[in-house]
Amino acid sequence: MLGELLTLGLKVTVLGLGTTFVALFGLIIAIELINKIVNQGLENKKKQSTVEASIVEGETSGANISLEDTSTLDNEDEELIAVITAAIAASLNRSTHDIIVRSFRRVPHQAPAWNLASRRDQITTRL
Amino acid sequence: MLGELLTLGLKVTVLGLGTTFVALFGLIIAIELINKIVNQGLENKKKQSTVEASIVEGETSGANISLEDTSTLDNEDEELIAVITAAIAASLNRSTHDIIVRSFRRVPHQAPAWNLASRRDQITTRL
Amino acid sequence: MLGELLTLGLKVTVLGLGTTFVALFGLIIAIELINKIVNQGLENKKKQSTVEASIVEGETSGANISLEDTSTLDNEDEELIAVITAAIAASLNRSTHDIIVRSFRRVPHQAPAWNLASRRDQITTRL
Amino acid sequence: MDKPFMEVILDFLGDSGFAQITWQQGIMIGIACFLIYLAIKKEYEPLLLLPIAFGMLLANLPLSGLWDPPTGTYGTSDFQPGGLLYYLYMGVKLGIYPPLIFLGIGTMTDFGPLIANPKSLLLGAAAQLGIFIAFILALLFGFSPEAAASIGIIGGADGPTAIFVTTKLAPQYLGPIAVAAYSYMALIPIIQPPIMRAFTTKEERQIVMEQLRPVSKLEKIIFPIAVATLSSLLVPSAAPLLGMLMLGNLFRESLVVDRLSKTAQNELMNIITIFLGVTVGATATAEAFLSPDTLKIIALGLIAFSFGTLGGVLFGKLMCKLTGGKVNPLIGSAGVSAVPMAARVSQVVGQQENPGNFLLMHAMGPNVAGVIGSAVAAGVLLSLFG
Amino acid sequence: MDKPFMEVILDFLGDSGFAQITWQQGIMIGIACFLIYLAIKKEYEPLLLLPIAFGMLLANLPLSGLWDPPTGTYGTSDFQPGGLLYYLYMGVKLGIYPPLIFLGIGTMTDFGPLIANPKSLLLGAAAQLGIFIAFILALLFGFSPEAAASIGIIGGADGPTAIFVTTKLAPQYLGPIAVAAYSYMALIPIIQPPIMRAFTTKEERQIVMEQLRPVSKLEKIIFPIAVATLSSLLVPSAAPLLGMLMLGNLFRESLVVDRLSKTAQNELMNIITIFLGVTVGATATAEAFLSPDTLKIIALGLIAFSFGTLGGVLFGKLMCKLTGGKVNPLIGSAGVSAVPMAARVSQVVGQQENPGNFLLMHAMGPNVAGVIGSAVAAGVLLSLFG
Amino acid sequence: MDKPFMEVILDFLGDSGFAQITWQQGIMIGIACFLIYLAIKKEYEPLLLLPIAFGMLLANLPLSGLWDPPTGTYGTSDFQPGGLLYYLYMGVKLGIYPPLIFLGIGTMTDFGPLIANPKSLLLGAAAQLGIFIAFILALLFGFSPEAAASIGIIGGADGPTAIFVTTKLAPQYLGPIAVAAYSYMALIPIIQPPIMRAFTTKEERQIVMEQLRPVSKLEKIIFPIAVATLSSLLVPSAAPLLGMLMLGNLFRESLVVDRLSKTAQNELMNIITIFLGVTVGATATAEAFLSPDTLKIIALGLIAFSFGTLGGVLFGKLMCKLTGGKVNPLIGSAGVSAVPMAARVSQVVGQQENPGNFLLMHAMGPNVAGVIGSAVAAGVLLSLFG
């Protein structure tokens, strides 16, 4: 009886603590992956945007902060797609190369500024 | 089959869009009616209260704003009764003349000021 | 019939109004009791702590307010136990002397200040 | 959908409310508009009277289905959900909303003046006289004992208590009783002063009372625990109301659960007030409301409030005598509850006789005692007839 | 637990989601992530799209049991409770959440511009054209009348109305319809301008409208009462939505129940938005969502929005003619509702032609009229097919 | 009512609680008062301990009916509604409240320190050791596996997780387990330091850790999506808790749904905390609580907390070795969760050895990892025994 209980206890402990370690180890890998994709991309783009920004700087130094800001956001855009693709691939146990995001369309940024403003405004005034 | 579907579709469209127009047209009439009763009444009273106010003004000029205020509110009182009566009449498809508001008693304004104050106060402190 | 109704009415009145008086009279006694225990105790301790405080005052006058504060709280501690005991006794219809609070352990105040601070902090940040 | 088009239109119009509304429903809509007027223009307990009146309006628009029960079995394809008000009303019918409103009231109530002068509890008991006078008269008017108890409790001058009792004993009268309870609570400053003056002498009204002793934090913490325990032991049926009232008060006085206290007295209470008001109002359908019983209930409600005031004042006179003139009997009328209006009435009537007399804090004792008193009386009635 | 250890582990892994997930669920997770991206990065109606998308994510993770119904009888030992989303979804299925969201919207809506210019109600009616065009096309695409009605109502440009109708008529399409409704609402500034420009002349777009008359407090108070009464009489099925919308508005305009008004538009609405969003999103399981019907619904939704805009603009042109050029037809497009975005679109397109032209307040009239219009249209569809 | 008057009075008194209370109930009332004292005076997790204790008080007052199930069928005349606590408890029994509390906790949690140093997740796993040690001991003490799992989960140091698991596996022990979980969480600063000092060297405790890297907004947004997806796939039973925790965190980090985030962490959480606390406390009736099992549970709970601390510290030592002394093992104890108290304990113990050492942010990583860890462990136990 005592032996049985101990066996059960140890089984559950190994399984339970084991699963917890496996799950949290999986998250470590996920975090490292996200970090790598997000921040590596960011670094690449930072170089680019630094170049761009320095060119711009000569012309209209007032606007350059917001400009750099925008480019960073745009970069993050593409990172996000990459990460989403990776997540889908991971959940399907397939390589990223097998999946092509066909229908990802960027809504053009030409939409006038009031559009964005109204969207933001709307958040505070309406569901 | 296609014909049947089209017939159904058109029937529903006529009925649906028709009802929407009828309902919203009914609201237009209701709004115009309310506007007429409320604002016509207000104009009549405004003349009166302007006279009263100008009399009062000579005597105690400090209090005249609140006085005029009160009289406007009192006017609105009677308007409100008229509108309520109209609404009941409308919902019963009868003329306003057939219904007499028998039991509408104004609670006298002689109730001391603290009464009103306490009522107002109470709103913020208790259900 | 009328007689029966009146009888019922009076019975309910006597029982209802009677119970209300009994219940609220019970609360009067409870309040007086609480008052006596809490405030009598407080007075005793006040004398003590006044003495203590005046001794302390000579040494480190900066800290004496908080010191007195603490001692009052500690007094309230013991009062609280007394009151709880009384309440249990009352609800069991027994004398206070029959019940001994065996397991009431004060968690020692030696716990460092950050302990208390963190506890307080926690209230605002977490369930 | 194969019918000729005219028939479809006629069917549709025949299904509309205009074809089905009765003159009784028209009158109810008028009454609802009148109550909206009282709530907004006269500010008669608008927080509840406005939702109640609007619920009454909605319930008397035919065919809306707002009040329909569901049909079929949930989760199967033949299931048709019930109306919005049917579901929201469950919180009333199951007795959930009134205790939760009491939770919020508890977080807003300071029992300090009562603890400082516990004898005022007796005034909170005496002012329940109106409940029982109205009960006897309701019996004589032909109401069943259950209905009579529900009508009497209007005299408790506590909306949630009246709704709680009526839901359990005589739900068919919920509409008129709720409307009467909240209307008379708003009319307290008009109902009480004549009675208070008629049964007291000028000398009594001028009595200045001694200042109240300060109450310690510890007493205020022990008080709700003691009340919840003792009153629930004596009158178990009062436990939902008094238990929640005292839990709210403990939240308030403990000072350590501020965020719970604030939510209980604000958002939770407001949400429940909306749901309670609209659905209680919606019980006032034409067939339930337009009956001679409603007029009787309104009359009996006024009697209940008047005799409650009288009971408090007379007991106040008795206490005045027994204490050798230390108690101003005007504070007795505050025992009906209707917090804090009845206490203010005591203050104002007292000050009219003696401008330097401040009775407000003295009247707050009987005032909050009246809440406990009517909950106890409600508990007795529930245990007798529930 | 007597099994060999390896078997236990294999069982456990076999029970994990990795072993059971299908590629369709994987695609749904991807779609959910994409919607989260739109909600956060593009700020497309994030208050609802974010909960919807996360609900979609959760619903497509196999074996979580979040969506399971209970088994056994509550209160007995064989009872197994259902999943969290199963219970929260009840508020959708029973039609409770959408009217309560309308209560909150009512407390936030100013009907003043509509009362000042009541004719704009007709624009709010005309812009419902899209609902019925999409209905006809959906029938032709092979949808049942009930489903077609639910799809059409996307053109009402009102999320809660679309969810309310779909839950009652075609719950199997709730996921795609809700996603389409909220996505297109966010895309209004992209969908409308080309249509507005194509069907109006430069002269029409430059029309400057007269200033609106001031509206008295009394009119604003009577308005919600009148709308609730009249519209519920004509189209009883619209009563839950319009009744609650108007109760909220009465709370707002009465000025005496500020605390109810604030709770209805903040905490109550936020709580319900979370529950509604997550559970509506969770109806979008792979088997319900990944079907050609979804693509059809998305196409029909765009058609509905476009024809709604067109209907409003064309009726605006008619009013322009009839009034001798006093009405700028650009305010017609605001009749689709999507408050206040569609009105802003009118303002901006108008200002592009004539920088000194301020159409915003004029467009707010048709804009809020569109909410009433689509609720009435929804009521008609519910009474025909419900 | 035809009985002689004395009999009526005797019946009434016989129906009162004074006649029926048992000495066991008296003891329970005393225990409830003692817990109220701890909550208010010692500020031991008062937000939950105060409602729990008051619920315990109410549940042990006989005859109040607060806990009674309904009888008859809803909607018929023989229906008698159940008690208030019966209905509020449904949210516990159906597993609704704990995930919604996790939603609120998610909106308040910053996973930044964990993302910056993901290895701390392993400490959050190691600190779950206490759960399983207590599980084994509980089995040996004679508890069923279901009860043993519920008792073990006390060591997760997460109130809602413990309540969620216990409700599903061993509802009969809900009272003592909840009381133990919240009491020990309050006692963390007393339980942990001796263990931390006993198993670490002075050198280890003085280790200063490198500053954490900054974490981008995008990482913080992707993190909750990834955790919800991956953990729900591996341990589907953890999905209600982790799904809601991560939804709340996504609300927080997305920055676009601020009003949902605020309501989830304030009003919604407060309302549920009140309902959860009072009803969980009310399960502690005399017959359920006054048994040797309760003492065993309290002892096992302490063991669970201690071994959880130990597991974290020992794994911290291992990481210290493997990284060549870059990890201070004191941050391991924070892995039990009890956010943010356990992290503060790490900070204070570290600072006592080396006043310039700031471990707080480093300990926040394992601290929030512990929440995930115990939810995963709970999921495993639920899938094995649920």
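Each chain gets a letter, A, B, C, D, E and F, in the order it is written, and its residues are counted from 1.
Just so it is clear, contacts are C-beta pairs under 8 Å (C-beta built on N, C-alpha and C of every residue); 3 or more make two chains touch, one makes a residue touch a chain.
Nothing here was measured: the structure is a model prediction, and the numbers come from that model.
Any chain touching subunit C that also touches subunit F appears here: D.
Think of it this way: of B-E, A-E or A-F, only one pair shares over half of the C-F contact pairs by residue number, and it is A-E.
Farthest chain from subunit E, judged by C-alpha centroids: C. Contact tally for A-E versus A-F: the pair with more C-beta pairs in contact is A-F. Averaged Cα coordinates give subunit B a centre that lies 56 Å from the centre of subunit C.
Annotation: 29 Å between the Cα-based centres of subunit B and subunit D.
Annotation: 31 Å between the Cα-based centres of subunit C and subunit D.
For subunit D, the set of residues touching two or more other chains reads 1, 12, 18, 21, 29, 33, 43, 46-47, 145, 225, 229, 233-235, 256-257, 259, 267, 273, 380, 384. In subunit B, the residues that reach two or more other chains under the touch definition are 8, 15, 19, 76, 80, 87, 91, 123.
Which chains touch which is summed up as A-E, A-F, B-D, B-E, C-D, C-F, D-E, D-F, E-F. Listed in rising order, the residues of subunit D touching subunit E in the complex are 1, 12, 15-18, 21, 29, 33, 36, 39-40, 43, 46-47, 50-51, 54, 57-58, 61-66, 70, 74-75, 81-84, 87-88, 266-267, 270-271, 273-274, 278.
Contact residues of subunit A toward subunit E in the complex are 8, 11, 14-15, 19, 73, 76-77, 80, 84-85, 87-88, 91-93, 104, 107, 111-112, 114-116, 118-123, 125-127.
For subunit D in complex with subunit B, the residues that touch the partner chain are 1, 5, 8-9, 12, 18, 21, 23, 25-27, 29-30, 33-34, 37, 41-48, 101, 104-105, 108, 159-160, 186, 189-190, 269, 273, 339-341, 344-345, 348. Only residues 69, 93-96, 99, 103, 145, 168, 221, 225, 228-229, 232-237, 239-240, 243-244, 247, 250-251, 254-257, 259-260, 262-264, 267-268, 380, 383-384 of subunit F touch subunit E when the two sit together in their complex. Subunit A makes touch with subunit F in their complex at residues 2, 5-6, 8-10, 12-13, 15-17, 19-28, 30-32, 34-35, 38-39, 42, 76, 79-80, 83, 87, 91, 123-124.
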